[in-house]
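Chain IDs A, B, C and D follow the sequence of writing; residue 1 opens each chain.
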Amino acid sequence: MATSNDIGVTDLLPRLKDQGYDAERVARRRAWIEEKTGVSLRNIGSVSFDTEELRGNIENPIGAAQVPMGVAGPILVHGRHASGMFYIPMATSEGALIRSYERGMVALTRAGGVQTAILADENQIVPTFFFPDVASAAAFSEWAPGQMAQIRAAAESTTRHGKLTDLKCYQVGRQVLVNFGYFTGDAQGMNMLVKATDAACQWIQNNYPIASYFVFSGMCSEKRPSGFLLTRGKGKRVTAGALLPHDVLKMYLHCTAEKLFQIWHSTVIGHLHANSIGYNAQYANGLTAIFIATGQDVANVVNASCGVTNFELQPEGLYVSLMLPALTVATIGGGTGLPTQREALSIMGCYGASKAKKFAEIVAAAVLGGEISMGAAITTGGFVSAHEHYGRNRPK
Amino acid sequence: MATSNDIGVTDLLPRLKDQGYDAERVARRRAWIEEKTGVSLRNIGSVSFDTEELRGNIENPIGAAQVPMGVAGPILVHGRHASGMFYIPMATSEGALIRSYERGMVALTRAGGVQTAILADENQIVPTFFFPDVASAAAFSEWAPGQMAQIRAAAESTTRHGKLTDLKCYQVGRQVLVNFGYFTGDAQGMNMLVKATDAACQWIQNNYPIASYFVFSGMCSEKRPSGFLLTRGKGKRVTAGALLPHDVLKMYLHCTAEKLFQIWHSTVIGHLHANSIGYNAQYANGLTAIFIATGQDVANVVNASCGVTNFELQPEGLYVSLMLPALTVATIGGGTGLPTQREALSIMGCYGASKAKKFAEIVAAAVLGGEISMGAAITTGGFVSAHEHYGRNRPK
Amino acid sequence: MATSNDIGVTDLLPRLKDQGYDAERVARRRAWIEEKTGVSLRNIGSVSFDTEELRGNIENPIGAAQVPMGVAGPILVHGRHASGMFYIPMATSEGALIRSYERGMVALTRAGGVQTAILADENQIVPTFFFPDVASAAAFSEWAPGQMAQIRAAAESTTRHGKLTDLKCYQVGRQVLVNFGYFTGDAQGMNMLVKATDAACQWIQNNYPIASYFVFSGMCSEKRPSGFLLTRGKGKRVTAGALLPHDVLKMYLHCTAEKLFQIWHSTVIGHLHANSIGYNAQYANGLTAIFIATGQDVANVVNASCGVTNFELQPEGLYVSLMLPALTVATIGGGTGLPTQREALSIMGCYGASKAKKFAEIVAAAVLGGEISMGAAITTGGFVSAHEHYGRNRPK
Amino acid sequence: MATSNDIGVTDLLPRLKDQGYDAERVARRRAWIEEKTGVSLRNIGSVSFDTEELRGNIENPIGAAQVPMGVAGPILVHGRHASGMFYIPMATSEGALIRSYERGMVALTRAGGVQTAILADENQIVPTFFFPDVASAAAFSEWAPGQMAQIRAAAESTTRHGKLTDLKCYQVGRQVLVNFGYFTGDAQGMNMLVKATDAACQWIQNNYPIASYFVFSGMCSEKRPSGFLLTRGKGKRVTAGALLPHDVLKMYLHCTAEKLFQIWHSTVIGHLHANSIGYNAQYANGLTAIFIATGQDVANVVNASCGVTNFELQPEGLYVSLMLPALTVATIGGGTGLPTQREALSIMGCYGASKAKKFAEIVAAAVLGGEISMGAAITTGGFVSAHEHYGRNRPK
């Protein structure tokens, strides 16, 4: 087996001045990799903007991945924060994905549009405190909620936008997991939360002598799937729904309400049998494509795609809806300000401050389009033929 | 509320000749969006390659998202399919992510490298068959496994690469969910599977008169989190592990084995309390960044990030390992052949046929780097400072 | 197939005067079954008390099951509600179960006893309200919390003991699940809750014209396993813990702290792989035996056995603890007043009013005994031999 | 805090000759408890049979819990193993439970009876093996399946009834969980499995030098809720279903197919939101009452109540069904031979050898009765009134 001698100083990536974000140093790093591996990275190196803009979003930059971007829509949204007709930029390499979403969005729009509502807006972080025994942990569990004002002051001293909205203790043996809830405005907020919570924890440690802590307990379910996400949420909790009349179903989805309901019903059984979290047809497809296009933290798709889609038979057609309890989307910070990402957000009028709730409503409506389109494709056998038609890049 | 009159023919995206993949028509579509929304899409339009290459990966193309790409490494891998030192291309906009992974990879390499093993390689699809009652469904459940040879012939008649490896019936009342397992070679394989399974289902329908079916039951957990993924797997099931000696922990991760174990132990409690699927620190971060860089179906991160990380105290240090049961990665098909993605795969020597298992082992080793680095950052408080240092793009 | 003609009036169980709880009518019903089936029910008929006492606990009574009862202990408890040495009555037919629990309890007592704490005390019921669309459901979700005072008045008008402590809306599409939290005193409280909540729902329906509702949504997880139970709890949330010094481990459990920790660690991996809810060794064994002995609603074992056991290595030994978030136990109502059950509760000084929290703490401490004993038995191979020795009733 | 000095020899339960199962020694132990606690245990002491029969089922016996027993039915079953009309003994203290089940059973019988099928019959145990690193664990994972014949021989050398039916390796890092599947005949089989598997593990240890092991890994989900149970099963996997015509629904359940379907549909949403395992109305109620009455290991209710109930609208009425993947029931061994328990099994013709599959089918049909009755009670508001009427023992 290899030993630690195997790695030499020439194997380490070059450390460049000021971290090397200027064009010349990015090129030099790329050339180093090209030489090490014998691979030309011409396309990766084709960045259409000043590479200094990459600072804060990546380390050891060598360029950019170019992910195909298309648009789907229009989708008509009737929410409190989003209202009107929207086109949705989606970045993906999965053939037929945009066609699938587009078909669903057009059907929803033809049906009169999608109602949306933001039900909650709170991100979570759950540090954990350690005590010598159950009794002392219990004493802390009783003490902490009473210090909300001072804990809030400590937390909010580190941020202009974050607001501490809730604090709840979950004791397990001699460990106390303290669930901090925050309003994070238009940012995804995880970095803001960690910093604020660390300050709060230090205040606690200074005022409750025996506590040691870690700022993460794993309970927050950031980028992880869990039941906690459904009950407690993370970021925007949003719902969307629409009535699809029989004629719209027939004309735009080529199926009946009964058939579409049957696919929902039978796949719910499949989800239950698989012990899935929640129920959905293809949340991850739509969310991932929108997240990549708009500079979201794409790894958050794991939490964001926990939710529940519902189809209900009505005399007039099919009522379709979804609820996403953990839609961690942002319109400022993270990758939202990068050139292509900012442009994509701007297509929906969602770049910058005071836009995150609007964006969340649009995303929910768009994702609902994918739910009905996928269902329809399965019932009609169109799934196979659409992928034959649009997904031609299958292995040869 | 809006009515269906709201959507006019001028609201629909222009349908262009031959679907409009040539540069001129992509530009025309982009201009149409620019006009509709008043937004300049200059950067999205800056594609470094022939837009005809987008065909099969996207519809309604307007250009590409440029996602910052950097490299982390080196990571020394001792697997059956991957062996040697690798640099990992990662595309992300989350500041500090690459630094975090790089630190972990270097520590693993300094420790002598990561052992990896592919434990299984089978993708799943689960169509569902409908019967009038429990007795007739039970009769089918008994009949179907005996037809394996003919079902396989029907399925494999549609594909040169897919092999039907297993067939198992799960009856629920009068519905029978039939789990088809396939070997899909170096492709992610979902499209291949759907087509093959549809052919198999049609053979069944022709030979078992009363069956109707849907090709999806929801049980396959494609791009969804579920317990089924842990037991049954999806794509590559891979494990990776290494012993981190005390001196490596101290020098490269600035923490002790005991402290790193304590963070594992206490966050396992948090995961159990959250009713998470499996346990991990940040699988989704690493997987997403690699998936975007290399043209994987990024939505598969949802299933791929179900797994189990383990830290074990040893006299000589800390044994760290992970098991990913549903790592659906490909080196051919999908987005792997796109220009920047192909270059990224090539950096690891993983582009093309006979490379998927190698790639899976490298991914598992790289992701393990993120697990230890995250743990170390929490124990030392480095998490907050690293994000302060590298993630400067937080909202202003 | 059989038709509805198959069932005749002589097949229906005899309806007896005043529901037939007096000894003579219980005997007559029993004789009817004996005649129908040709089976002597002599032992089932041997009830040591007035059969009129069965009224309210069962219908169509024919006697009683005699479930073997033994005692385990003593267990020394240091809680706020329970303090001192207790003997635990357990009814079971699983050989070795009591010996296993006894061994653990004695070890905990030798170690100085078990600390316990009640962390919360709230039962849950979640009716669901239906609306025509997402917007009207969202309006209700905003309106309802503001009516807490009047909703509480309506709910509490039906009960002298139940107190409405919380009300939270979970909207999913056009359905709103309203989580009512109640303090139910010393009763398990489900019947009380249903009645109170039905009154509250009727008040809502009278004051919010368009709502229709069902009093159950399934979310409450009564007698069902779920992630919700961990976050939200049900009945008593209780924790218990103790430090087992090395000498106690050696003398009473015949194992080392390291070995016991290894079994915990390795079986946590097994639980994660199985996608279990929480982690435990054998909660269900102890809870079931105590629940049967003391007249609890035994089906509640399903929710009560969701929890988390933790073992932690310390220089001085092993810290062992558990947290049960959904321990729905009662000391009044249900089966607690039946003759043998009342006697069993009395053994622990837990029969009647103001005893439920004390009882919950004793149960948690006793169940912790089973966790350490099971772990020790596995590490020493004693599991097999103990069952050979005590469980002699295996099939011949 | 108390110290280990607190427990004296006079606090330990008296150890009596030959473990003290004869009537006189059971009485002496009971008297000891009575004296310690000042409580009369007259009813607990009223055992209608020779206390020597308790041997193998309990330790430290003091008598028996008398749990009220009634009968529900008849239920008409059309299975392969059970066929005909059955009366179901149920032991419970939950008022209205038997009335609820009886109503459902009669409705199913009026509808022409319930079809049932055993889909699988395999119990699971999953020992875990430890290796120094990932590579050596992987080598073992490849080696073990090839030794099936010899492993089977070792396992089956310890039992006349158990048959090793499957062996599958799940590697996680350097630990390998080996899933043994067994056919256990008419016994619940856990003790048989542990002994057989321990012998198999010893054979492995003798033939694969470096392996150490524990006979339990936690993955088997014995008496614990998990997703693994749905996919892999435990004991009998059984399904049951019936078509309820409109007139039966109206006459015996006082509701419509549409209303009953609505309650199913809306509570599925509640289950999904709670992150429940599977879906059911009240499995635990019926299973617990039957398990207590018939001497099953009642703690197995936790695994047995993981399953899926389905309601489907049909032109002719409502098709209702359930699937229980982990119904660990026995007709020999455990508590099945105790006097009242044997009588209860005999009522159904299910005592002794070759009866377990018959019993499993009857249980599934009976439990289905509870599913429809609960649903109907909620839709009609009868739930509240039934508990008012039958559950009169609520706290005063």
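Keep this in mind: a residue touches a chain if its C-beta (ideal position, glycine included) is under 8 Å from a C-beta of that chain, and two chains touch if they have at least 3 such contacts.
Here the structure is a predicted model, which is why all the values come from computation and not from measurement.
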Hey, which pair has more contacts between C-betas, B-D or B-C?
-> B-D
Name the pair in A-B, A-D or A-C that forms the same interface as C-D; by residue number, over half of the contact pairs must coincide.
-> A-B
Give, as an integer number of Å, the spacing between the C-alpha centres of chain D and chain B.
-> 38
Taking each chain's centre as the mean of its CA atoms, how far is chain B from chain C in angstrom?
-> 41
Could you tell me which residues belong to chain D and also touch two or more other chains?
-> 78, 170, 172, 175, 226-228, 230-231, 268-269, 271, 273-275, 277, 279, 308, 310, 312
For chain C, which residues are in contact with chain A within the complex?
-> 78, 115-117, 119, 133-135, 137-138, 141, 169-175, 226-228, 230-232, 239-241, 243, 275, 308, 310, 312, 319, 321-323
So, in the complex, the side of chain C touching chain B is made of residues 226-227, 230-231, 265, 268-269, 271-275, 277-279, 308, 310, 312
